[in-house]
Every structure is written in C-alpha cells, then in structure tokens.
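Below are structures written as structure tokens.
The two complexes that follow have subunit A in common; it is paired with subunit B in the first and with subunit C in the second.
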Partner chain A sequence: MTQLPTHFESGQLSATSAARVTVVEPMARFSLRAGQGDVTAISEALDLALPTKIGQRTKAGATEAMCLGPDEWVIIAPDSEAVRLESACTAIYDQAPHSLTAISDREITVRIDGPRAADLLTLGCPRDLDAILPNEGRRTVFDGVTVVLWRDAEQEFRLDVWRSFAPHALSLLVTGCTELALE
Partner chain B sequence: MTNFRVPGKGRVDQRRPVTFSFDDKEFTAAKGDTVASALLANGVHLMGRSFKYHRPRGPVAAGSEEPNALIGTRRGKGQFEPNTRATVQEVYKGLAATSQNKFPNLKFDIGEINDKAYMLLSAGFYYKTFMWPRSFWDKVYEPFIRAAAGLGVSPTEEDPDHYASRYLHTDVLVVGAGPAGLAAARSAAEAGLRVTLVDENSEAGGTLLSEPQALIEGAPAWDWLAAELAALTDLGVKIMTRTTAIGYYHQNMVGLCEKLTDYVATPEANIPRERMWRVRAGQVILAQGALEKPLVFDGNDRPGVMLAGSAQTYLNRYGVRVGDRAVVVTSHDSAYHAAFDLVESGTAIRAIVDTRAMPPEDLVSQARIRSILVLTGHTVTGTSGRLRVKSVRVNPVRDGWVGEARELLCDCVLMSGGWTPSLHLFSHTKGSLKWDAEQQTFLPDRMTEACLIAGAGRGLWGIEAALTDGAEMGAVAARELGKPIEAKRLTVEQDRTGTGESNTELPSDLSQGKARAFVDYQNDVTAKDLRLAVREGMRSIEHVKRYTTNGMATDQGKMSNINGLNIASDALGKPQPQVGLTTFRPPYTPTSFGAFAGYHRGDHFEATRKTPIDIWAEENGAAFEPVSQWRRAWYFPRAGETMDAAVQRECKATRESVGMFDASTLGKIEVTGPDAVEFMNRMYTNPWTKLQPGRARYGLLLGDDGFIRDDGVIGRLSQDRFHVTTTTGGAARVLNMMEDYLQTEWPDLKVWLTSTTEQWATIALNGPNARKVIEPFVEGLDISAEAFPHMSVAECTVAGFPARLFRISFTGELGFEINVPARHGLELWETLYAAGRPYDLCTYGTETMHVLRAEKGYIIVGQDTDGTVTPFDAGIGWAVGKAKPDFVGMRALKRPDLVADGRKQLVGLLTEDSTTKLEEGAQIVLDPAQPVPMKMVGHVTSSYHSVAAGRPIAMALIAGGHGRMGETVHIPMPDGVIRATVTSPVFYDPEGARLAI
Partner chain C sequence: MLLIKCPYCDETLPELEFAYAGEAHITRPPTPAEASDEEWRDFLFIRSNVKGAHYERWRHVHGCGRFFNAVRDTVSDRFLVTYPAGGLRPAVDDVTGSSK
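Up next, the complex of A and B:
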C-alpha cells in the first residue's frame, strides 16, 4: 500500500487515467449546532439559508452549508469570511442560542475527480453513491474512518477527513487510482 | 500418453495448447481447461489421496463441489495455495500444481496403511481411543493427531499478492448465470433496474455449457447464450464471472469473492489477486441450480468413479472423454443422456445399471437403439482396481433380495443418485426448508430476506422450466421494487427433463460391515460410520454430523448431506424432516484469508493516527509506542542511550529546567450553550457553577456505576463555553457517553458538543524555566505568576498563532499547555525548541510523562484504575462535589459495596531495599508464609525508577490500603519475595510549592 506522510501540502496526491486525488487549500470550516426553532434566525444572521434536510447543501457567495443532522451543519467559507460569520453568530446568540465551533484544522479536504471517481469511492465507502446526487453530500465512512462527502458533480467529489486519519484513508484512494487505471 | 480429447468438441481452444506441471511432470492442456479437465484429457484420474485413509482419489465432479481432487498450486515465493480444487483451477502457462496427502508419492503412499486399518478407525475413533490416560492428551495424543490431520500444508511464507475490496449497490443481484439466472437478469434489466449477475465459473451459461444440444427459440444453446450475454450487457447488466457468492448476510448483504489473476500466466504486478465485493441488493435471486448426488456403494471412491453429469460436462464443455469403457450406474434419468453423449463421442458404454425396476420406457429404448445394455432393478456391490477402477460388480435386486453378482470391466463408472437443489446461500439467511417427499429433497420454504429462488434451486428440472421460472422471478423482483414487467416465455427443444429415485446405501449381498461405501469423500465418512453413530446413541443429525464429521470438510457437505440424512433417517426409522438437515455456513466455497483481509494488511492493517508534530519526533530519533489508535513519541534516546537512561535524563532536565511534550492526542470536546454549566455539573463529579471564565479545574467522570471512567483538565473559556480535555484513549468514548446522556436523558438542555481533538495541536512545557521559554512569544496576555496563576486558561496569540493557553501541570512543575490550530503545531514546536536552547530545553515522551506524574501521585485512568475504582478508592474524593444535587454515578457511590471497608485503594509502595523496582501487575500478599494459593490483596499498578525520589517508586491497589500506611506487604516473584512499605502515593513536592513558581 501507498504510505503517505502525516503532513499534507495542498496539491495532487495521485492522478491516473481513472481518477485524480488532490489536497485542496485549507478554508474556514465551522460546525454549527442549533435547535430547529432557531434555524431561521441564524440563517438570516449568516445571510445563508441553512438547508433542513440531511444531505442537502446551500450556498451564498463562497459560503456553503451542508446539513449533517437534525441540529447540525458544516459551514465552509474562504478564510476572509470567518470573522464575519463568527460575529454574525455572536450577535444573535442571546436571541437564538447555538454552538458555532471552528473546525478548520480538524479535517483535511481532498478533491476526487476523473472518469471513475465514483468507482474509486466504492473501495471504502459503503453508501449507495447513486443515492447522493450532485450538489448533495453525506457524513459517512471511508475505509472505516468518519468522513464528510460532498458530491459536486457526477464524477467530482470532496472528502473531509480528520487530520490524523487522513494518511490511512487517502492512501487507499491513491492505491485505488492505480488499481482502477489497470482495469 | 493417451489422449482423451475429442477433436472439435468443447469450449476450450484446442488450437492453443498450454503447458503446466502436476507433481513436476509436464502436461499439455487446451486454453480454457481446468487442471482436472486437462489431466483427464491426458488420461490421468489419480489426483490426490484422501484425508483419513489416504485412499487414491480422482475427481468425482467437475465444479466447485469437488471433494477429492484437491491440489496445491504455486506461482512463486509466498504464492502457494493448498486445497485448491483441480476442477476449478484454470490452467495457465507455467502453473505448478502438486498433489496432497501423500508420502513419498501419489502412487505409493505410506499413509495408505490407514486404509488397511479401517476397521479400527471408525466414527468416534479419536474420542474413544485417546481418552486414557488423561495426562497423555496434551503431550502425546493431541500433537500427534494435529500433525497427522489436516488437508494439505499450510503456507509458511508471507503472501506477496494484493487483495482488494469494494462496495456495490444493486437493485437485483442474481447469483448463478445458468438459464434461470440469465432469464431473471433479463426480466429485471428490462424493467430498468440496476442488475448484477454473478457466476463462480470462468464463463456464464451454467447448464447450457454442458448441454449444447438444446435449441432455445430455435437457436443452438451456445449461440443463444452468446446473444443473450450481449443483450444483457447492452441493458447495463453487470456480469461478473469467476465470482463466487460466498455468504448471504443480514439485510441482503452478499459477499462476493472475485478471482482476478489466478488464471493468468503473468499478471500485471499491481492487479489484485482477488477482490471481495460487499453487495447490498434490493432483491437477491438465487439461481444456483442443483448438485448431483453420488450413489453410495462399496468402492464408490476409486479414481474413475465420477458423477455422470460431470462426465457430460467434461465431454461437452472441455471436449474430454473421461474414459474408453464406461459403466453408468443411476437412479435418475439424467445419466442416460450422459451415456448417449459419450457413446456418440466414442466411449463404449458397457451397461446402464439402473436401481429402478421401471425406468422410463423411452430412455430404455433409446439406449437399446444405441446397443447399450440396460440392467434395470440392479444394484452395485463393489468395484476393483487400485489407482483406477477396473471393474464394477453388479447384482439384480428382486423383492429386496440381492441376486448373483456379475463383473463388468470398465475404466470409468458414471453414477447419478439424483440432484440436490443448491440452497447453501439460502441457508445462510436462516430461511426455512420443507421436505419434498416426491423428490426426496429439501426445497426452500419461508424467506427471511428479500430473496427469491429460481430454477433447479427450487426443484424445477430442465432448461425450459429454468428459463421460465427465472424470467418469472426476475419479474417478481422487479414488481417488489416498484417496476412491474411481464415475464417472457422461451421455448426449448431437445430439452432433457427427467426424474429419479432417492436411495440410502445400495443393497448388497456382501457384508455391509466391510463395505467402503463413501458418503463424505473429503472426510472419509462411510455409510457404516453413520449407522454406527446412530447405534451409539446419536439421534439428531447435528450429533451424527459431529460424531462422524459428515459434511464438515471444506466442501461443506455439498454432495454428502442428503445421502447422510437418508442413511441416518433410515437407521433411526424416522422420516427425514424429523431427523433434520444441518445448517450450511459461509463461505460457500473455501475463500482465501487475503480476500477477507483486503487492503488491511501491513502498514494499512488499521489506521495509525499521528499528530502534526509526529514527523519532528521521527526525524529526531524518537522511539514510539501505540496509545489507542495513536502512535506517540515514547522517549527521545541519544546515540547509544538505553530507554532507562533516556527517561532519567528527560525527567531530570524537566525538573531542573524545562521539558517539552507533544500532548496533541489528548481528547478535546467543546461544550457550548446556555446550559453548558448545568450539563458539566451533571456529567462530572466536580462543581462547575463557581468556576470563573478564565479558570480551569481537574474534572472527573464516572460511569453510572460510580467507577472512574475518564479525567482531564477543563477550562471555562466564557460563561457558555468549556474546553474539555479527556484522556487520549477516552476521547471518542467520552463524547459518545456525553451525547448519549444529552440525547436520551436531557434533550431539554441547550448545549452542544463538538469534538475538537484534531482542531488543536497541543504542546506542553513543564519545568521551572517554562515561563521564560514561552513568555517572549505570548501576545495579549500577562502570564506572570500573579496575573496567570496555576489553573488558568486564556485565548491569546503565541508566536503569531491564535492560541488557547492553559497554565496547568501533569508533572508537578510550573506548566503551560499551548493549543494552536493543528496546521501550526509543527512550526510552533520548532520555534519553541529553538527558543528553549538557552535553557537546555529537553523534549520528552510518554514514558517520562508517566514517571513525572507518578512522582506526584497523579493517576492514569486505565492504568491505576481498572473500571472498579471509585474516586474515594483512588484517593481523589476531593474532586467529588459534596453539595451537588446529582451527577452521573452519584447514586452508585452510596451503594453498600462501594462504601464497604476493605475495598482496594490506591497507595504508594516503596521497596524496603530501596533498589528493587517492582513489576507492574505483580500481585501483593500480606503473609508470604501462607500456603499456596495465597490470598492476594492487590496488585502493583505503576512502577518506575524515580530520579527525583532517588529510588524506585510504585503505586498499587491494595485492599484497605488507605488504612495500611507504614505496613509491610509482600510481592512474591519467581526469584523471591519482595518486601515493600505502604506509603502515600505522592513522592515528590507534596506541598505543591513548585506549581506556584
């Protein structure tokens, strides 16, 4: 198996005729938790309509949110937006209590694309990928490791993996790029 | 060498010869051959020796059910596989195959002596013979039996091949690509569903490959098959050959093992050898067909005796005649067709011996037309020949009387005892079976999964019946999935339908006690063994099976189970359903460990978590130790330094000046919300209400049983936000426990939990010079002793990075823990390392951390506690809030047994000689003079050489320990009893003066 270092620089990890795996530049990432009664108020404060169905995504400018659970969202944004989002949340905390926690450094994000990107994910992801439409996503597992999967197009995905699990999960993706290219 | 290949016949490519070796002798095969078909084409039937009696054996079947022809295959170093079925292994150029269970060679095997001693080696032989004397079992009997037993030889070298795995979701999974499976796949695919069709063979077709005479919709079977496969591919059906459905698990999860290289002469290095598919299917259609049953008669295992249907397969699919002169013995119509096919290819049929008095008239007359002698109402009572059958002994049977024998010369005997529906996968689902009295077999009954059975698997016979049923089941599956479709009917001409009779062992005029009538070929179980088991009191088929080992070999009783059941039920005088059928278990056929392991071997065996600073530790020569899933720097040895020396140096440097430690693995949970403090009060034993923002406190977490589960320092960042730390190994467990309480017990609390373990890299600096090292880098915070006292927390900037800075200590020295976003961890570490040079800053690992905390008597959960230790046992009752209305575990702490005297309590231990270091885990007794077994009152939990104490120190859990201060206890070891004194567990700076610097 391919051995990967613990320290990831942005850039391509693997590219074959089947698929490419690329570590993307870090962005601001938050975990947002809030009760259902407060979703509207927070949406207004963030200027982003939080999706209410698990797996759904919404976007406003470069800020994007995905619903991961009945009271849980992941929000990503350019670093420059981080302060605005935090202050917006702080401003309505008393009115709509919630938890906004920075997790930008908790995960590494890789982009997976190429003609067999979806097949590559079947090496480690037990979900039915046909049931996850483009512009949706899920929290799921890859090779036994918890991940957040974003489907951006039919054959384009992003995978958020906890930093310390990344060498394990990504090495299987790299192995898979080679394996699939030989078919 | 004799050539049994029939020119122009079969699906193998006779123009493309392939050479391979068997027992170091070179043979020529045709492309597409199996090892068995290639050896048979060369006139070789003898392929192995049996397991128990070492009897010469040849293939009895042509597929994966083969019990006899087991071989070893070897491609290169580490690429040896024992017990491969010669009937399945495809020949490739250079394949090296070897026979098994023989010494010195296959034709002359010393182990054959067992065969002469068969009267001694009956069922239950081991249980009876090796009982006495009892003491012989461990040293003599078991090692001997283990050495003598076993099929083949276990590989000893590391397997260099790759193994792979994938998940697959499909609407309909069809197992078996014979006529029923093909038709089922067609219906489901035309309904617009995602369909996957798998078959264990090298090509799809099933029965059609062995019955080219059939005309389907007017087209020859093989032409129809090619067109149908193309049509299915066009419809998007995923067709997988060389792929065995090995197990059927809950909720329509089916495991498939796909062979990718075992048939290729020189496979590409990066291609996996096998791939395990974990399939989740909306509907599963089992179209696995039926397996032919042998007839049970004396000598039914000689090389050359094989199933009639298999002989037909060798002829039609591989173009191989299995002999020149055959005798067919049967109780089923199907063997007549095998005989007719063989006659047409030039094999003489000496006779068709039918156990039935009145076989169908048309078959008998067709035989007569071909000048074949038909002996109806006959039995088979023996065979002759050592390495190959030479003759078969047959007798007429009239009204239960066995008449005079006649000997028929032959070089092969083709037998058919009828067909058994293949219900192994269905059995995995725990679906129930019902006995069909007419067909004398079990058929599927009640389903437990979204599963359908099509074709011969549910007792239907003939290609047209299978096609019709398959199409119908495909339509049923489509309807269940909300896509209704009409099933298509296909007409078949020259179909071979038929019926038969079921038997126990065939009647004989000879002593049945001496008959070697095999039921289970692979485990050498005879009809006599089964009857003996019943005589000796076995009543259930499950007991008969275990006593005789019938059906327990690697073939899982594919051929033997129904014959075994018929004989057992006859011996018991009860109908078969009352005796029962044993359960088939996965895998369907033997599956390599590699396929199960998949990618998870070597470095990828499981995830090894590493911190952002791990790479520095590696470059600087750290020794590592695993801590839960993490690998952590254990100590940093200098050149030539032992672990003890390194740890003592690291301890000394930290206490004298400053040490730096990577604490990033500590679990971190952010607890946020208006009810955060209430939640903390309920979860942890400590009171939190009065803890001011900016202050930190040691937190203790119990289970609801009152025992210590986890601990860690918790900082209050603001009124509504806590930064909780947990033990390294406890991080996920603690978060789960908290979420569990929050979701099930207190859903009304407005508080949310977020794991931030990996958001932060954590660097701990400890020692009197710790402040001097970090002070120049801290911005926006006064960290002087007065402004930032012990147990403080603040958000600030350290070396330009946003940070959460704690002033806490797990060493007893002045200490800081700096949390920065993980991406900056390594850079901060390097910055501080450089800045610490003037103070001889020393990096230390987990071992030094353990020693330093033990010198202070700080516990490690899981080392000094074991899930049965309360806060009071551990001497940290001060962490339990006395005035709190409730917290997890509070009620349990009042239970009589948790407040009783004599509980094991944590104390310090000092060995009397001041030099001996105790062994962790060593047991402690009060009186070393008492007789063995002694009463053990506790054990050593932690033990180290302490530089600070100038002697070894230890912690121990001892019954009533807190009341034994100053007493002497004894630690018996193999080389003597060690005396130690019970003390307080705080060995260093008991006043805590050094924390306040």
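Up next, the complex of A and C:
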C-alpha cells in the first residue's frame, strides 16, 4: 500500500493511463444547517438558490452548494468570497435562524478524472455510481471514511475527504490508479 | 450486502452507509425521577428480542446523517419497511402482508 504524508500540497498525486488524482487548491467551505422554512431567505441572501433535494447541486458564479441532508448543505467558494457569504448570512440571522460553520480546513479535495475514474472510485465506494448523475453529488463512504462526492462529468469527480482521514483514503486511490493501469 | 432504503434520501443504498441503533419506539419516562428502579432498568436494558418483525432504529451515518426507523424480519433479515423517525409505528400486518 502506498504510504502518503499527512500534509498535502495541491498538485498531482498520481497519473496513469487509467485515472489521475489531483489535490486541488484550498477553498472556502461552509456547513449550513437550516430549517425548510428559512431556505428561501438564505438563498436570497447568498444570491444562490439552495437545492432542496438531497444530492442536487446549484451554482452561482464560483459559489457552489450541494444538499447533503434534509436540513444540511455544503457550500464551497473561492477564498475571496468567504467574507461576503458570511456577512450575507449574518445579516439575516434574526429573520432566518441557521448555523453557518466555516469548515475550510477540515477537508481536502481531490479531483479524480481519466478514462476509468468511476472504476477507481468503486474500489472504496459501495454505491451504484450510475445513480449519481453528472452535476449531482452525495455524501457517502469511501473505504470506511465519510466523504462528499461531486460528479462533474461521466468520468470526472471531486472527493472531499476529512484531512485526518486523507492519507488513508487517498492511498487507496493512488494504489488503484496504478493497479487499474496494469489490467 | 443488505440494501436499505433511507426514507430521507429516498434511495435504496448499501448497508455500509448505515449504522444500527437498537430497538425503536422505546419511550423515555416523562418524569425519570419518579420512575422506580424496575421501570428504569426496563427502559435502559430490557428489549423485546423478537423472532420476526423487529422495529428498530438505523442511522444513515455516511449519507444524510438522519436517524430513521425500520421494520426488519430477524429470521430472513429482510427489511419490510423504513419510515422517518417520529413516525407512527406501522402495524405488523400492514408491513408483512399477513392477516394472522
């Protein structure tokens, strides 16, 4: 098994004829919890229509949101947008109570693409990936670890992994890249 | 692997995304200080351990994160129905289709 360091810099982790695994640049991430009745007000404040079905995503400019649960979203944006998003939510807190938590450093994100990107994910993910359409995503499990999976195209994914689990989860991806290329 | 339908995600998903959370519909005594030692023991430890349709809690821990309830046949391991937490307990006959 490939041993990875615990500190990740953005850049390529692995690239074979099967797939590529790339650590992406740091970004702002937020965990949003809010009741159904407050979703419209928060959407207006963020200038981003929050999706209401689990697994659906929406995007406005460079800010993206995915619905993870009945009252839970993850919002990602460039670092430069973080202050705007935070103050937009603070401004409507009294009318639409919610919890917006900065989780930027909790996870790292890898991009997984290449002709066998989906096969590579099946090494650790028991889901039927065909049920996750491009431009959707899900919170699921990868090799025992909770992850957020974004499907950007048929063979292009992003995987958010908690930083402390990243050496474990990404090691399998790196090993898998090599193994799939040998088939 | 068992496939379990999460009533919140409305998808049937692999067991590996879920965690078992014990028997369902166990009500905490409304005034615990007034419960006798026997009542408190029953609340904490005594479970029905049925053979057949078992009402139990599950959590979609690697997914939407929600707790929900399920009726599972402990003989066949088949899930008869799943429903949101806080929902009414469905009658056994309704979920098994039997009339006994």
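One rule holds for everything that comes next: the second predicted complex is superposed on the first by the 183 of 183 C-alpha atoms of A that agree within 3 Å, B and C clash if a C-alpha of one lies under 4 Å from a C-alpha of the other, contacts with A are read in each partner's own complex, and residues count from 1 in each chain.
In this text, contacts are C-beta pairs under 8 Å (C-beta built on N, C-alpha and C of every residue); 3 or more make two chains touch, one makes a residue touch a chain.
What you are looking at is a predicted structure, and each value in this text was computed from that prediction instead of being measured.
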- request: Tell me which partner A:Pro126 touches in the superposition: subunit B (first), subunit C (second), both or neither.
  value: both
Message: Touch test for A:Gly35: subunit B only (first), subunit C only (second), both, or neither?
response: first
- prompt: Is A:Ile103 contacted by the first partner subunit B, the second partner subunit C, both or neither?
  reply: first
- request: Determine, for the superposed model, which of the two partners subunit B and subunit C contacts more residues of subunit A.
  value: B
Query: If you stack the two complexes on chain A, which partner ends up touching A:Glu179: first (subunit B), second (subunit C), both, or neither?
result: first
Message: With both complexes superposed on chain A, which partner does A:Arg138 reach: first (subunit B), second (subunit C), both or neither?
response: second
- request: Considering only touches as defined above, state whether A:Arg163 meets subunit B (first), subunit C (second), both or neither.
  value: first
Message: Applying the document's definition of touch, where does A:Pro70 land relative to subunit B and subunit C: first, second, both, or neither?
response: second
Query: In the superposed view, which residues of subunit A touch subunit B and also subunit C?
result: 126-127, 131
Query: Given the complex with subunit C, which residues does subunit A contribute to the contact?
result: 54-55, 68-70, 72, 126-127, 131, 138-141, 146
Field: subunit B-facing residues of subunit A, complex
entry: 1, 3, 5-7, 26, 31, 33-35, 71, 93, 97-107, 119, 122-131, 143-145, 162-165, 167-169, 171-172, 175, 178-179, 182
Task: Within their complex, state which residues of subunit B touch subunit A.
output: 164-169, 194, 268, 270-272, 278, 280, 599, 601-604, 606-612, 614-615, 630, 670, 672-674, 720, 750-752, 754-760, 821-823, 826
Query: Along subunit C, where are the residues that touch subunit A in the complex?
result: 1, 8-11, 13-14, 16-17, 61-66
